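Each of the next two complexes has subunit A plus one more chain, namely subunit B in the first and subunit C in the second.
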Partner chain A sequence: MNPPDYAGLARALLPEAALVLGALLVLGLDLLFFRKHSRESRLRSAVAIGALAVVAAIGLNLRVGDAGSVFGGVLVLDPLAVAARVGVLLLTLLTFGVATGTAPLRHPAEYIAIILFATVGFTLMAAAQQLLLVFLALELASLSLYVLVGFDHARPESAEAALKYFLFGGMSAAFLLFGFSLLYGLTGSIDLPAIGAVLAKHDPQPLLLVALTMVLVAFGFKAAAAPFHLWAPDAYQGAPTPSAALLASGSKLAGLTLFVRLLWPGLGSVAGHINPKYISPGWLPVVVLLAVASLLVGNFAALAQTNIRRLLAYSAIAHAGVMLVGVMIAGSAGFAPLFYYAATYGISTVGAFGVIAVLEGRGGCQRITDLAGLHRRSPLLAGCLLVFVLSLAGIPPLAGFFGKFYIFADALSIGGATGEIGGATGPVGRVAVLAILLSAVAFYYYLAVLKQALVAPPAEGAAPVRVPLAAALTLVVAAVLLVLLGLFPTVLINGF
Partner chain B sequence: MSPPSLTSYLVLSAVLFAVGFFGVLLRKNTLVIYMCLELMLVASTLALVACSRFNGTMDGNVFVFFILTVAAAEVAVGLAIVVALFRKRQTIQVEELNHLRD
Partner chain C sequence: MNALPCTIYVSFTGALLALLAGRVSAAAARWVALATAVTAWGLTLSAAAHFVPAAAVQTLVDAPWVPTLGIRYHLAADGISLTLVVLTGLAATAGILFSWNIKERTGEFFALYLALIGGVYGVFLSADVFLLFVFYEIAIVPKYFLIANWGSTRREYGAMKLALYSFAGSALVLLGVLWAYAAGGSHGFGLTDLATAAAGFTRGEQIAMFALVFLGFAVLAGMFPFHTWAPTGHVAAPTGASMLLAGVVMKLGAYGCLRVALPLFPIGFAFWQPCIAWLAIIGILYAGFVALVQDDFKFVIGYSSVSHMGFVLLGLAAANVRAASGAVLQMFSHGVIAGLLFAVVGRMVYERTHTRKLADLRLLPLHRLLPFAAVTFVLAGLASMGMPGFSGFPAELTILIGVWTTSRIWALAAAVGVLVAAAFTLRAIQVSFFGKVETAGESPAPADHAHPLDPITLPEKLGTVLLLGATILIGLKPDLLLGWITPALQSPFFQTVLKGGTP
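After this line comes the complex of A and B, so read on.
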């Protein structure tokens, strides 16, 4: 046995080290120098240090690059891991921009530091390849997110949302853990490649199906897929706006990366068949059901919403349905379509929450009607919101369209390595057709938002909105990213 | 008497897990729900230790130490949320948490 490669491990974890150092600096400097300053200036300095740490982490991540298996396979730095780490770090950066747009909370430095800790969890989730590290990274991210959701002392809804998110999250963590212990018991290993090798040699046992179901419950929770979506609308509504943005973007991208790595390289041999000619048990049939339920619940429930945050939550559930299609085809089509979809979805949803955050700071934004007359109150916000919402709806030439396009095109053409997916006439193809049809439904509720923002007259006495510089910059960057990624999608798709 | 087999350990842990799960679903007091969540985690640790013993590898035992630590952190966060909520609402009964709706 080779001696453990601590130097390689330290090198691979340089981005995480930068983030932790940044979080400690944010806390320490705030305690030493800024304690007496106003909340606004404390938030500004914390965001500045935090953003520097995130930029440093992106640079270090790109320098470490595609290093392969690290420390005996605990971490793997393949192209997907590198891309997902850059993705979650960029989304964190955008979340910081959202945080500068709204009125600061009571402990601004601690808030930024916890966002950084959550980001450490996300970057580890993107690279973890061993069940122990998978669990620890997931818990680090989840525990930070529970705190972030409940951070707003002023609003009782914030604590209520945190409790609901915590209860669902704690339960899903327990399910995941029980699934992991059964997997370990069946295969004798906690390393994903070894688990995959053992599972490929044997026929699936009943106990294995129990383990798979438990893992999928946790996955459904993390991706906010129906029927495990109940926490999402409450958490999005009650959480402080930047937390909701992080929950919808970075957390989702990291979670999808983690579970797609768990499901395909680890458990790919027990995916099962869903081709109607020969169905066999495995996790693919369950994911098909989750995808269909999410698409239906998300799109139809979103129609009934009058609260803009709950609408975004149900739209997130609908998008989770499409992402699950991406997960199912990832075994044959590769991770690129799924990654492109999740990353661009993250950018547009952070942007939408950014617009809400700015309006929140200037008098509140809960109802969809609170957006009325945005084109008069702030043309910049209205223009950015137009880009974000149209990208969520999947209108060309924005990135959201190409995300859907790649996933659906692959779902309709790919049969799978052993015919397990079945192409256009198979279940995955059918789900893709359903998703395309439901896009028309989705278009209706997205247009209802845009109608308020762009057509409806402003309410009596609604003042023009002044957008803080950093928040304006963030929103413009997010909108430009969506347009550029839509015009040149191959940059990401062919990146790995 | 022969020593218990792996199956009996797994059945016991499954029973513990089920008790915890139904406790979380059925109980109304947040603190009792937390205890049931802990029970679900403990069920997994029991399964891990048993599998570790019967597989002859140490991975499961090491896993358990991390789970215990994480469970402690989780309870700390959970109790902090309960305190924050109690200050605003003077209740920790879950059925009274219905202020978030459309």
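After this line comes the complex of A and C, so read on.
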């Protein structure tokens, strides 16, 4: 056995180190110098330091690059890990931009520092390859997110959302840990490649199915897939807007990366077959059911929403359905479709929350009708919202369209070769067909949002909205990214 | 010819410029929009001037776009594309002239308008189905906002209905195309690639794929019973948008049927052919009869559009070169005539009298108050009825002759539609413009009408002259367009599905 490679580990964790250092600096400097300043300036300085740390982390991550297995396989820096780490860091950066648009909370520096800690959890989730680290990274991110959701002391809904999210999250963490312990018991290893190798050699045992169920419950929670979605609307509605943005974007990208790595390289041999000719038990059939349920629940429940955040939550559930299709095909089509989808979805949803955040500080933005007359109150916000919502709806040439198209094209194309998927007429193909048809339903509720923003006249006495510079810049960057990634998708997908 | 892709870029750039110009002044936005539309139209006309009719599709741009999925940025044109881009340029220019009086959010209006036009140009020039689909969907969103923001009667309902029908249709197209792509081995989305792959599909697959793709496109072409978005949408839309919707956007659907659904899945088409033909005939007759009893002037025109588009679909369903070339000619002809009719009803009459109820219009001596509008409407009505000398005549005649060789019953049934069209058009002319003609001798001065109506403005006259000129030119010399269209239909690509093609 080789001696532990601490130098390699330190090198691989440089981005995380930068983030932690940034978080400590944010806290320390705020404590030492900015205590007496106004909340606005404390938030500004915290965001500035935090953003620098994130940018440094991105740079370090790119420099470390595709280093392969690290520290005996605890971490793996494959193209997916590098891309996902850059992705979550960029989404965090955008979240900071969203934070500058809101009225600052009571402890702005702590808030930014906790976002940075959550980001450390995300970047570790993106690269973790050992069950212990998987769990630790997930919990670091989750605990930070619980705090972020409940950070707004002034609003009881925030505490309620945090409590709900925490209870669901704690429960799912317990399930996951139980599942992991069973996996360890079955295979005698906590390294994913070793687990995969052992499972491939033996026939599946009943105990394994219990373990898979446990893991899938946690996965369903993290991805906000029906029927484990119940926390999402409440959390999105009650959380401070930047927290909701992070929850919907970075957290989702990191979670999907983690679970797709867990499911395919680790548990791929017990995926089971869903080809109607020879169905066999495994996690794949369950994911199919989760995807169908998410698509139906998300799209149809979104139709009935009057609260813009709840609408975004149900839209997130519907998008989770498509992402699950991406997870199913990742075994044969690779991670590129899923990553492209999750990353661009993150950008558009952060953008949408960014618009809400700016409005929040100027009269509130809970009901969809609060958006009325946005084109008069702020043409910039209305234009950006148009891009974000259309991307969520999957209208070309925006990135949301290509993401869907890529997943559906692969879902219908593959399968003949591998057999377990079943091809265009197999179950995955059917789910893709369902998703395409439901996109017409989704178009209705997205248009209903845009109708308020771009068609309806402003409410009586609604003042023009002044958008803070940093927030405006963030929104424009996000909108431009969506257009550019939609026009040139190869930029993202060629790395895989 | 090689400048044709610039029509797309010019339109989208113009959209951005119009948006910016709108922040300066409404007039600036108008002039930017007009300049853009005229430039793009000029490009199509210059391409048309140098066009040598050929069977082969001429590639304009071809570059890899997303190699992973075999998607190419492939623009190409043949006589059919050329006919339709010339129509788009004409309709866009005329539509802007008739939108000259938009005062509210002018910049945004013209930005959306030009974005729609850019998407339409893109569809007509795409040779890659993915690209075609992208442009097709780009054209959907502006329609919604044009109607919901600047429309009239029940505009939000009409806009939402239209957008949802279009989007649902495009979802079906996406499904069919993706299925064909996957079943064909995922090599690419080029039209010829897909057609080659589709030749290996089973009959069942072809039937199902054709149904998806054709139905998806036919929704936008106003095929019965999926036409109901068209009258409500057209009525709710502002004049310029109605002109575009009826004039070119419905053609997107028909073009998609002709360019994608038919040649890709000839076996599937053979199965559905009678069904499509009868739906088209029902559409012609049903919409015609409904138009006959409308009491809203604009609904008459809205239903007449559905009826005339029925001829296009019937021409495609007959599946021979003559009928199909007639269908393309009818697309051009209807694009021009419907534009003209909507211009008279929406802009010249409604915005001056503020009523579209035929019962109210009957009480006004409109032929006296708006002689220019009356003359225009009579001429446009004659063209719409298919009178010789106007473009409607050669178009519908070619279709009927072509259909006759496929099925005499279809041709006879559709010929009844021509009579119905004459009936509802004459009724509209009589009731709206000449309702009070018998009392005119007793009160020569229009004194009974307290507010004299605004005179017809120069942009309106200009737009009328353009559209009337086009319909008369094609009416007198249909070979101008048929000479482009027929060779294109004789290409091997179309010969898999069309009969009687030997030149």
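By definition in this document, the second predicted complex is superposed on the first by the 493 of 496 C-alpha atoms of A that agree within 3 Å, B and C clash if a C-alpha of one lies under 4 Å from a C-alpha of the other, contacts with A are read in each partner's own complex, and residues count from 1 in each chain.
Criterion: contacts are C-beta pairs under 8 Å (C-beta built on N, C-alpha and C of every residue); 3 or more make two chains touch, one makes a residue touch a chain.
In this text the structure is predicted, and so the values were computed from the model without any measurement.
In the superposition on chain A, contact of A:Ala304 is made with subunit B only, not with subunit C. In the superposed pair of complexes, A:Phe122 makes contact with neither subunit B nor subunit C.
By the touch criterion defined above, A:Leu454 lies against subunit C but remains apart from subunit B after alignment on the C-alpha atoms of chain A. Using the contact criterion defined above for the overlaid structures, shared-chain residue A:Ile493 touches subunit C, although it does not reach subunit B.
Within the superposed three-chain model, A:Ser181 lies in touch with subunit B and out of touch with subunit C [touch as defined at top]. In the superposition on chain A, contact is made by A:Ala159 with subunit B only, not with subunit C. Ranked by how many residues of subunit A each touches, subunit B and subunit C are led by B. By the document's definition of touching, neither partner reaches A:Tyr446: not subunit B, not subunit C.
Applying the stated contact rule after C-alpha superposition, one finds that A:Tyr406 touches subunit C and leaves subunit B untouched.
Look at A:Pro397: by the touch rule set out above, it reaches subunit C but stays clear of subunit B. Shared interface residues of subunit A (contacting subunit B in one complex, subunit C in the other): none.
Here subunit B touches subunit A in the complex through residues 6, 10, 13, 17, 20-21, 24, 30, 33, 37, 40-41, 43-45, 47-48, 50-52, 54-57, 59-60, 62-63, 66-67, 70, 73-74, 77-78, 80-82, 84-85, 88-89, 94, 97, 99-100, 102, going by the rule given at the top.
Partner subunit C is touched in their complex by these residues of subunit A: 336, 375, 390, 395-397, 401-402, 405-406, 408-409, 412-413, 423-424, 429, 432-433, 436-437, 439-440, 443-444, 447, 450-451, 454-455, 489-490, 493-494.
The touching residues of subunit A, when paired with subunit B in their complex, are 131-132, 135-136, 139, 143, 146-147, 150, 153, 156-157, 159-164, 166-167, 170-171, 173-175, 177-178, 180-182, 184-185, 188-190, 207, 233-234, 237-238, 304-307, 310.
Those residues of subunit C whose C-beta lies close enough to touch subunit A in the complex are 65-69, 105, 108, 130, 133-134, 137-138, 140-141, 144-145, 148-149, 156, 160, 163-164, 167-168, 171, 174-175, 178-179, 181-183, 186.
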